[in-house]
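Order of writing sets the labels: A, B, C, D and E. Residues in every chain begin at 1.
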Amino acid sequence: ENAVLRVGHFPNITHAQALVAHNLSRQGKGWFEERLGPGTKIEWFVYNAGPSAMEAIFAQSIDLTYVGPGPALNAYTKSNGAEIRLIAGAANGGAALVVQPDQDLKTPADFRGKKIATPQLGNTQDISCRAWLTAGGLKITQLGGDAQVLPTQNPDQLALFQQKRIDAVWTVEPWVSQLERESGGKILVDEKDVATTVLVSSVKFFAEHRDLAKKFAQAHAELTEWMARNPEEAQKLVRAELLEETRSDMAPDHIAQSWKRIVFTAEVPRASVESFLQNSIKAGFIKRAPDLSSLFEKP
Amino acid sequence: MKRTLLATIFFLVLLVIWSVIVQAKIWSPILLPSPQSVGEYLLGAARDGTLLQATGVTVRRLVVGYLIGIAIGLPLGLLTSAWKFVEDTIGVLALGLQTLPSVCWIPLALLWFGQTESAMLFVVVMGTVWSVVIATDTGVRNIPPIFARAARTMGSSGLHKWTKVILPASLPYLVSGMKQGWAFAWRSLMAAEIYVTILTGFGLGHLLHYGRELHAMDQVIGVMLVIVLIGLLTDKILFAPIERFLHQRWGTGLR
Amino acid sequence: MKRTLLATIFFLVLLVIWSVIVQAKIWSPILLPSPQSVGEYLLGAARDGTLLQATGVTVRRLVVGYLIGIAIGLPLGLLTSAWKFVEDTIGVLALGLQTLPSVCWIPLALLWFGQTESAMLFVVVMGTVWSVVIATDTGVRNIPPIFARAARTMGSSGLHKWTKVILPASLPYLVSGMKQGWAFAWRSLMAAEIYVTILTGFGLGHLLHYGRELHAMDQVIGVMLVIVLIGLLTDKILFAPIERFLHQRWGTGLR
Amino acid sequence: MSLQEELIGPPPAKLIVENVSKWFRTTRQTVHALDNVSLNIGEGEFVCLVGPSGCGKSTLLDIISGLETPDEGVVMADNEPVLNPGRHRLVMFQESALFPWLDVTGNVMFGLKLKPGLTNKERLEIAKFFIQLVGLEKFSAAHVHELSGGMKQRVALARALAPNPRVLLMDEPFAALDALTREQLYSDIQRIWQKRRKTIVFVTHNVREAVCLADCVILFSRNPGRIREQFDIRLPRPRDINSVELAEHSGEITRALKGHSAGEVSDS
Amino acid sequence: MSLQEELIGPPPAKLIVENVSKWFRTTRQTVHALDNVSLNIGEGEFVCLVGPSGCGKSTLLDIISGLETPDEGVVMADNEPVLNPGRHRLVMFQESALFPWLDVTGNVMFGLKLKPGLTNKERLEIAKFFIQLVGLEKFSAAHVHELSGGMKQRVALARALAPNPRVLLMDEPFAALDALTREQLYSDIQRIWQKRRKTIVFVTHNVREAVCLADCVILFSRNPGRIREQFDIRLPRPRDINSVELAEHSGEITRALKGHSAGEVSDS
């Protein structure tokens, strides 16, 4: 059987499994190819944001993709569960609240009147940030409130942070490390067990090739374990792959520093996704709680 | 009358084709929503004020940015066409910079203005001004030289020549350049609204962007329709009368 | 000679200002890299082939998309200027669609073409074609009517009239429209390369995007310089000779 | 077809202008350009229109050519109503109307290329012949804007003559030419026209020129444009513009012109 | 300043053209447009240039006005070299060169607005006067493209006369006008010029017209453009274009013209 699997991922350190496997595929030592049986071909696709990857799933351009839980949940909700399934976890943690070193910011109450940047309105970090501030007694609305939560593109956060135009940033690796390295940002909240990346499958693929999906998820789990055992080698592969895909080099110590804050795991992050959903509803981004029963599927 | 009817039929046919494609379920309804759901979104958003407010915010930014772009670009274009030195410097810059995508200006905008309306305006202006410079320059260069010659022998020179002869003589070109500048301004503003999030106003670009982020294609297509509509209205209200006026004056535009 | 010298001095002064700002350390070197580091990046990327390859990929897409855009837009523009029915339908569509940002076309492109070069071309074509339609239409409408009248009495009509009279008579307008279309094509392609990631080629848009993502500002500015340079070269190689030719023929362009 | 045969060409056409009226309406005013103008021009006849500036001569040519439609009345060419312009009724406009994107040869070739039944070599030969006729062979590759006023008019003349149309409508074709070039052209053109006859309507302000060329001179008056008087010129051809008989005729027409319009120039 | 005073205006200027030569160089050919042309035009003198088409008359006017620079030689106006065009040396071009973005009044006002020392009311009054002079008061608000050929030329004439320049350079200003309008204008304009004298250089193909208006008629020849002969006309003014003396003079000049250029039209 000559199966072709089309798999998507982002050129981002939180998608390390995909980066490693993609690089191995390039070298002809494909991790998934070996484990899915001879003749299997993996076609890798690169996206730079969740919505594009989900659109590709909708358009049936790809079968599987690594993606953030936010876009996955959005896609699931929008399609009333008809398009995607979450078949494995990939990475937890890596997101953090970074504050200006010279400001005495400790508790949510200290953020009254401050500006906090998040990567995207309604994404995982944005929701976490709003939930954290609200839990601390602040009143936060979508466009204002006691503190200003400013959705700001990741690349722009550093500049604004350096110029002290924003007081804090709630973002994800590799930008957290960069804020630490380049402008001495201090980590105030480190979200170790919040899901950052998951592995999703299109419903069509899942229904028609359940065996392949299962093998893929297994291979993914094995790869995750291998990475835990061989972090240095994995980081090298990640760096090589990032260079391939973005033609831009990322410093090895930057990768290592980011790596420390991320927990790679194939465990399905059910609790994290559910709390994300609750927080989204509280923040008003999701109007009606969807039935999550068919989102999580173990192939 | 007959013209309106024919055009209406054409657009109705487009609508029907759209419906049929949606009915046929060739593509996932999430990516291609039905006309009805788009209509419902538009109605809902119009009723709760989102749409009106976003349109207001965007149009205000657009008009301000566009006017600044013209106010800077038009004189610069005149200068590049008048002086070789300006042509070799500003003119060359304009030629190069006009192809730069708006996203290139965003880091600079944030660096200089922070997350403010000014940053957004900066992006729009940078996206518009170079094309206005080039359109003006080209327009001026294509004027039949007899006009300038006649004016000069009547004692017109310097500012008078530029404002009373060169500028009106190149009007047919300028209007066509301004129309394209308007499109550049729109596209730049959409990019700016997507990339520069600020809290002073939630525009159509944001609606479009978040619609896409949240896979609300009815919202995306709804906002696209609004943008198209505004484009058409601007033409009918702003550009078409100017063009009609020019055609009458010049005796052109007949076939 | 003197012109080149003055222009060179101007650009050297710009370079010096840049260096001074970097030296003054107003902004962190991550935000504003020095000319040297940009130069080093460019040298390195040129040496390892990245730059050449990316430029090749982008320029190929650009040229193909632009040519398709013109091949579709020019005839459509002629049609809109010739027939009221087409003007009321396609013309109206063009007016509305030209203001749509490229990002609007991406879901449709994915839907229709999947993740292929075609999807990317589709975005570029959609970003270019409407502005070409409008430029052509405006150009044709601004022709002095005497040309068409003279041609008609000599028996020119239909296709002959359009290709041998209307088209050459509106050339000065068309060239100016084509120049703007070229800028639209560039900007659309950059958006397409950022949003539609495909494996068949890594273009300048990708370089720009990832440079930004990874805060490699030397890369971002380097790529911007390359884009500006290509813009200038295109003008010098493609548009300037055409314009010079037209000016010679028409006797315009003198001051 | 050789150049010689080509010089003979198709037969001329008969033109009937019946009760033609034309108004130009703008938001500011309405100009009554032509009022009930009727003309009967036989096959191969040469008719000159003479009249004060703004009396509707150019407008009448436009209507005969089919470029403008009359508000009232019809124009018939060979008993067919004229609805559209076509290559059998060629107009030489008052402005030179040359195409700036073509050089002199290109302009002269334009109408020829639209004429069927000729090879390209023949066309080029004919074009050369007429460029030579108007004395511009040294400028056959010049751009339009490099020509002097009179040279432009001569190119336009060559362009109009080259395709040998059945009807030729000429609007002040010699206005920008010096007397000498003009006289040379009168005789050259009369010679050609004798060989390949055609129906010609010719506008001029030069009464002598009209008498020298025409079978019939038609006098227009203005406000609104009307036919005032018609003079048949029955002098033998070829005519010499400096002959005494011709001067007599032209004196008569000039007197009529002055008599009719005496008050007009000052009152208008 | 009233209209009456304005009619007197500034003194005319003296023009000296010294050994002017001009070549037009294109990639295809080089045209020797003017060869060593020298002219001495006194204050208030009226000079007519006559010559075959393409002999460089328009080019000479351009050079005198300052629009073109000669390749050799200089032009002096009041003993100052002419380097740039200016409102004291106004040109009426061979093409009407009207501004399509202005209506008739706007076109006539254009030069007036650049003339200091007048109120806007006076300017309007002057413009009206000249529009009336050329018989276009009914078309004072018309757009340029709505005018007939002769009407355009009359607007251009009004535009050139209105600012009352010290030097007036006119290139075939009456070419598109009928005889009657022309004669009317000859007498009107002679009347005005007698009151407010100016230096005038006038190009025409009509030798009678030249003799009727000029103090001095200058005959050009072509290839390259050279001055062939100069005729002083010492007839009393106002002159009647139909007078016998005038006809004699013009006969003489015409003969000279034909004698010189006899071979030229056919050989060029």
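In this text, contacts are C-beta pairs under 8 Å (C-beta built on N, C-alpha and C of every residue); 3 or more make two chains touch, one makes a residue touch a chain.
For clarity, every value in this text was computed on a predicted model and none was experimentally measured.
Taking the definition of touch as given, a chain qualifies here only if it contacts chain B and chain E alike; none does. Where chain B touches chain C, the two copies mostly use the same residue numbers: shared numbers make up over half of all numbers in play. Chain geometry summary: the mean Cα position of chain A and that of chain B are 36 Å apart. The centroid of the Cα atoms in chain A and the matching centroid in chain E are 82 Å apart.
Centre-to-centre spacing of chain A and chain D amounts to 82 Å, using the average Cα coordinate of each chain. Separating the centre of chain B from that of chain C, both taken as means of CA atoms, is a distance of 16 Å. For chain B, the set of residues touching two or more other chains reads 27, 31, 107, 111, 212, 250-251.
Within chain E, residues 95, 143, 146 each touch two or more of the remaining chains. Across the assembly, chain A contributes residues 55, 59, 155, 159, 163 that each touch 2 or more other chains. Contacts between chains, counted with the stated touch criterion, involve the pairs A-B, A-C, B-C, B-E, C-D, D-E.
Chain E makes touch with chain D in their complex at residues 24, 26, 28-29, 31, 50-54, 58, 94-95, 135, 138, 141-143, 146-151, 154, 171-172, 175-182, 184, 205-207, 254, 257-258, 261, 264-266, 268.
Here chain C touches chain B in the complex through residues 3-4, 6-7, 10-11, 27, 31-32, 81-82, 84-85, 88-89, 92, 95-104, 107, 110-111, 131, 134-135, 138-139, 141-145, 148, 172-173, 175-177, 179-180, 182-184, 186-187, 190-191, 194, 205, 208-209, 212, 217, 220, 224, 227-232, 235, 243, 247, 250-255, going by the rule given at the top. Contacts from chain C toward chain A in the complex involve residues 27-28, 30-31, 45, 50, 54, 106-107, 110-111, 114-115, 194-199, 202, 206-207, 209-216, 219. The touching residues of chain D, counted against chain C in their complex, run 65-67, 84-91, 93, 95, 97, 99-102, 110-111, 114-115, 143-146, 159, 163, 169.
Remark: chain C residues 146-147, 149-157, 160, 164-165, 168-169, 171, 248-251 touch chain D in the complex.
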